[in-house]
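So, here's a batch of structures to check.
In the two complexes that follow, subunit A is the common piece, with subunit B as its partner first and subunit C second.
After this line comes the complex of A and B, so read on.
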């Protein structure tokens, strides 16, 4: 029996090399994509947490200010040190500083050498040569990457504060790529603050202490503005950063796998149809019915197994190549540029292998079942029995009901909020919508071409129309493939184009000034600001902003705090609001939050919020919600006046600059020089705009490849199924030939049939595609990435693709027809195959 | 080898039964011709005997162990066919993707017969049907007469108890038809199987041991 099965598989693969190879390739691509994403992300996360462990040690708990400007008060440290459960308590102050006049921004970590020795030994110098003594005496130690670049004496600068010190030596165990300075905490505190406390406390508990209970007992005792993070929170936070992006890529991998399943389906369906007499014969000779089912499933597996195996190899290769070239951030910009080691893990590999095989089995399932239920005697006599549709009236009611149910279901699913931060409802709605498209194909066919059947038509056209109206299985499969592939293409084009248009408009709104200067979260030097303020500076106007961050939820990425020089009565002049802006009472503090805040934390206009700022809970009122494509995890804007009034220090990190009229060139070159000297970024708004759009185009370039692949697969499905349906009707066509149809007329009939199937497929695909595009922009993007954008269908891109596909479909039908009519009619009619 | 009693069949939707209360038997080594007008139900009768279509009433006992085909489910009927029945069709039905030897090996595979025995049995049969050395040829390169000889070899290779042939010479020219038929009769008789051969040819019917005529009123 195995032998017979093997003979049949071999014969099948030899007879249909192209279809088999393409199905394998699709499965391989799906597996490769999924596996590569997993490997890259896993390696990047491992790399990231290794680096984090090196810097942070492995504390059980971190107690930290939620806000960069806040601090952990000394009183709390005192209280904690008296807790019996605390084994090690390491205070830390971490800040970003500039080194001398070099264009270098580095991390400065102030620690207590004694507690650090137990918790963060990798951040300490060698014990030799009294390094510890020098550390305590005020020397700073540099990581290897930094030590090579700085001299013995150095100035550490943050904003207006300067610390003249010297390099005491290297930190041999510090993470290799990291630019890091370590100093004694007292010295750091003396020069850069905070005066009354420390940045955070890292705690190791006695091993027998139950973490949850300890945490619960301390939570109420913590002052406002202080949060307690367990080690697991940190991991969740790191993983949350790129989660939505990863899931989206995984959904793409699933789509690739499903197209693989579709190709297996089309291939196996036609294979079953073409071999129905052979299988019927085998059944008559005594092949058990179960074996007829199994044979087709095994043939599917025979596509899936090599496809999946190839996919694993390809995925590993992809992951390795990708991290070598681009680092571990999957193009999402979430992880540092270090390129992590890829490790082919057995369990995930087995998992993705199984997924690929499952997809191929899934594709073979229906064909296998059809093969199982073919009535033997009849199949032997007349070949493959395509199920005839039951009476049209009955089917119409059933179809309409199904369409209604699917529509309502899809609409309802778009209303479902994100589940675990993932747009699962949106994905499900997209699935339903695609099914809806497939289900409506027979109805749409009747609606569109029903009238044609009653009209007078030349014979070839008449035959084509009649055949289409009977909605044979093959035509439905061909149309389904096109519906889905064109819908995916249209939706991607729509989503990308909507996003790009919105980004373009947003850039206009957020870049009002001609020039910008930015120093990533490190205050700009006071001299620079003083220079800019002088009457002879080439700038007419400078608007300052201080960017920092605070934590609203220990498990989520931090929220950006943007303190800006902004007119609180006219925030709309600077922020692109997406809804109403309200006037906030003069006694209250207005903040303007980004759409991500609205999405993630459910914040609404007019709402009162308590933000953990400056070491306490500050009561603010939401004055409006603005669009922000730059900070995915949320941003809060507060006016500098309000921040100062709250007692904060306003130290500018970002500048918007308007040059004096006529001095643009001078201003630009001055800015360039300063930026180079200070190691900060300066650019004209046009450059930022261009760069942003080109980054956007680059990161979405992959979608064009996907669109092309989708269309090719759809067309391939059409060609395969059309060829099979002609083959199945070879006798009918031969009869027609005997009745006086010439080859050209037969060809015309088949091409028209292909065109009609493609027309239906494209039309429904277009409708579904716009729907899916709308779900992507209105549901998936806001829920996954917290980005909103108005829907815009790029007709100038969609319509040409549709036209080209229609032409290609007609071409494919023409080829299929030529092949089918090549067989001499007499031979077909004689029944010899 | 075959014993039919009380067999009745009506196609769903048909006004009257095709046949009812049929009763006949075919002994070992006996070759019986089944004649009758087109559409009278000969093929349907063969299908019912082989378990390819369900009969409405009656029993169909096949082979030395007299299993009742009419009582078996699909899988058991397939197993019984594989073991006890050989088929020859009007349209040859030789698998185009298998070569001649592989085609003949199919019943051996279905019966789980040791692969080591296959070559000898196939070679011997090929020689007997006049196709010595054809084992590695592909069906597409064979004539109609040669294809039907392959089909005959395939019907006999697993030593069935009953051969069912539905117009086995219908697609052949008269001379080839004669050759193939005498070969079939000779091989069936030599194998001691019973055979039921549907035919329109008076000539063929005369060559058989016995003639059954199916009419709308029953067997004559």
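After this line comes the complex of A and C, so read on.
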């Protein structure tokens, strides 16, 4: 029996070399894509946490101010230090500074060498030459990446604060590639604050301390504006950063796998049809039905196993190459550019291997079942039997009911909120919609061509129409590949185009000034601001913004706080609001939050919020919700006047600049010079817009490749099934030839059949595609990335693709027809007896 | 991380102190004739460069061969003196705890922090803290106690010390001379024969504690002259209720630069011995496998009509450190034999490397 199975598989592979290879390739691609994403992300996260551990140590708990302007008070340090559960307590002040007047921005870490020795030894200088003493004396130590670039005497600058110091030596154990300076915490505090405390304290607990209980005992004692994060929170935070991006890439991998499953389905279905006589003969000779079922499943697995194995190898290669070239952030820009080490482990590899095999089994399931239930006698006589549906009216009702259920189900699923931050409902709705497209294929076929069949048509055309109407299964199979692939293509094109249009409009709204200047997370130098304020500066108007961040939830990435010079009565002049804007009472503090805040934290217009700002809880009112494609994790805008009134320091990090009329060129060259000198970024709004759009186009470039792949697979599926169905009808064609049809007429009939099937596929694919596109823009994007955008179908891209696909389908059927009619009709008819 | 790699000990205090002349930091100098007042002088004296509160003790149970030591050191490093920050590392505190048992290795642990970031002291009474470790005086009259607590993974001490005898002001009313120059001196107060109760622990094995302890409180700005390399010191609670303290300061050749001893008999009669009346004679050495230093663990000390010998309960009671500086010293439990008998602590410094105080 084994030998028979092996022999059948071999024959099957040899007979359908192209189809088998392509099915394997699709499975391999799906496995490779999923596995590569897993490997890269794993490596990037490991790399990221390694770097974080080196800089942060491995504290069990971090107690930190929730916003950049807050601090952990000294009294709390005193209290915590006396707790016997605390083994090490390391206070830290970290800030970003500029070195001298150079364009270098670096991290300055103020630490206490006594505690750092136990928690963050990699951040300490070598013990030689009284380094510890010099550290306490106010020397700064530089990481190797930085040490080569700075002189012995140096000025560390942050905004208006300057610290004249000297480099005491190197930090030999600091992570490679990190540009950082380490100084004693007191010196950092004296020059850059915070005045009455430190930025955060990192705590290592005694090993036997129960973390949860300890945390619960301290949480109520913490003052407002202070948050307690456990190590697990930090991991969740890091993982949350790239989560949605990763999941979406994984969905693409799933699509590739499902495509593979579909190809196995198409291949095996035609294989079953073509070998029905063989199987019937074997059945008569004693091969039990169960064995016939198993044989087809094993054949599917025979595609899945090598496909998955190849996929693992390909995935590993992809991951290695990708990280070498692009770094570990999957192009998402979330992690540093350092290329992480790929570490392949057995369990995930086995998991992806199993997924690939599962996809191939899934594809083979229906053909295997069909093979099992073949009536032997009929199959022996006339070949593959398509079971007629019992009663067309009953089938119609059942189809309609199924369509209704699927539609309602899909609609309901789009209403499901994100589960664990993932748009699972949206994904399920997309799946239902694709099934809906496939299921409605026969119905649509009957509706479109039923009338046509009754009309008077020339014989070849009539034959084509009749064929489609009477062999719905083959037509459905052939069309379903196109439906799915075209739907995916249309949806992706629609999503990308909607997003790009929205981004374009958004850029218009957020870039009102001709020029911009920014210095990431470091206040702009005071003398630059002074120069801009001078009467002879080439600028008419300068609007300042201070960007920082605060933490609303320890497990989520920080929310951006944008303190802006903005007119609180007319925020709409500067912010692209997506809904109503309300007037906030003069006694209240208005903030305007981005859509991500609305999405993640469920914030609504008019709502009162308590934000952890300036070391306390500040009561604010949401005045409006604006669109923000720049900060995925949320942003809150507050007016500079309100922030100052609250007692905050307004240190500008970003500037919007309007040059004096006629002085645009002078202004631009002045800005360029200053930017070069100070290491800040300056750009005209046009450049920012161009850059943003080009980054967008680059990051979505991969989707075009996926669209092309999807279309090719869909076309291939169509060609394979068409060829199979024509091969099955060789006798019918031969009879027609004997009746006087010439080859051209037969060819025309087959090509028309192909075109009609393709047409149905494309039509349904287009409808589904627009539906899926709508789900992507309305459900998936807001839930996963917190980005909203209006739906826009790019007909100029969709229609040409549809036309090309139709032509290709006709071409494929033409080739199939030529092959089928090449054999002399007499021989076929004779062989059939 | 291996704690030994970053062992911070009192002997590193000088390494942390600045090389600049003390005048810059304006350290105070111990004054002869200055009258000490208690409890205020149990508290810290932050104007001085170095200060320690040093408790050593011998437990009776299960036998008299178990010693413990808990010390809090304060150093005014002379660094960041002008820095305008509440976090400035002007005063740094270290705490060191050790348990010595015959037949076991020395167990020890330490803590270090600057004031404001995990350490504090009082200037009005003995109350000093580094992290969760603390030493403080509580109560008045009969209720007067010293409370000690130091819990670490490797050991734990939770002890109450009850006085049975009055304070012993060393030297001249608490002014203790350390060399020929008058600046080479400290203020030095001892409180011997304290009764110990509480618990001690090595790793997870905790036991009741009962025994006798010795409390030293000493503050100074300069004690070692140029050419001096270290000292030998003993503090012994005698079995008959008397107490003996003796020290000498050595030069590189091992010769005594300055020495002093004080014997308070059980009756309360105090006898003091000056340099010339005192001799230290090494009887046998123990050589450290870590750094090759040879410590005279059996010392004969002769003063007046007395001749006493130290017998260590454990040869290796050396505390060795490689970082931040390669500095090692010997500090451990000894039995005193000869004309006087008792138990107490012997400290020997400057054998492995010169003490640059």
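Everything below uses one rule, namely that the second predicted complex is superposed on the first by the 830 of 833 C-alpha atoms of A that agree within 3 Å, B and C clash if a C-alpha of one lies under 4 Å from a C-alpha of the other, contacts with A are read in each partner's own complex, and residues count from 1 in each chain.
Quick note on the criterion: a residue touches a chain if its C-beta (ideal position, glycine included) is under 8 Å from a C-beta of that chain, and two chains touch if they have at least 3 such contacts.
These numbers come from a predicted model, not from an experiment.
*Asks:* In the overlay, answer first, second, both or neither for which of subunit B and subunit C A:281 touches.
*Replies:* first
*Asks:* Just checking: does A:190 make contact with subunit B only, subunit C only, both, or neither of them? Give me first, second, both or neither.
*Replies:* Touch partner of A:190: subunit C, not subunit B.
*Asks:* Please work out whether A:396 is in contact with subunit B alone, subunit C alone, both, or neither, and reply first, second, both or neither.
*Replies:* neither
*Asks:* Check whether subunit B or subunit C contacts more residues of subunit A in the superposed model.
*Replies:* It is C that touches the greater number of subunit A residues.
*Asks:* For A:77, decide between first (touching subunit B), second (touching subunit C), both and neither.
*Replies:* After superposition on chain A, A:77 lies in contact with subunit C alone.
*Asks:* Go through the superposed model and pick first if A:232 touches only subunit B, second if only subunit C, both, or neither.
*Replies:* neither
*Asks:* Answer with first, second, both or neither: which of subunit B and subunit C does A:117 touch in the superposed model?
*Replies:* A:117 contacts subunit C only, not subunit B.
*Asks:* Across the two complexes, what residues of subunit A are contacted by subunit B and by subunit C?
*Replies:* none
*Asks:* Residue numbers of subunit A touching subunit B in their complex, please.
*Replies:* Residues in contact with subunit B: 1, 3-4, 7-8, 11-12, 15, 277-278, 281-290, 376-377, 380, 830-833.
*Asks:* What residues on subunit A touch subunit C, complex-wise?
*Replies:* Contacts found on subunit A: 74, 77-78, 81-84, 86-87, 89, 91, 112, 114-115, 117-118, 121, 127, 130-133, 136-138, 184-187, 189-190, 196, 198, 206-207.
*Asks:* Hey, which residues of subunit C end up touching subunit A in the complex?
*Replies:* Interface residues on the subunit C side: 1, 6, 8, 15-16, 18-19, 77, 79-80, 83-89, 92, 112-114, 116-120, 129, 131-132, 134, 151, 153, 323-325.
*Asks:* Which subunit B residues qualify as touching subunit A in the complex?
*Replies:* 43, 47, 50, 52-53, 74-75, 78-83, 85, 87, 89, 91-93, 95-98, 102, 106-107, 109-112, 115, 144, 154, 171
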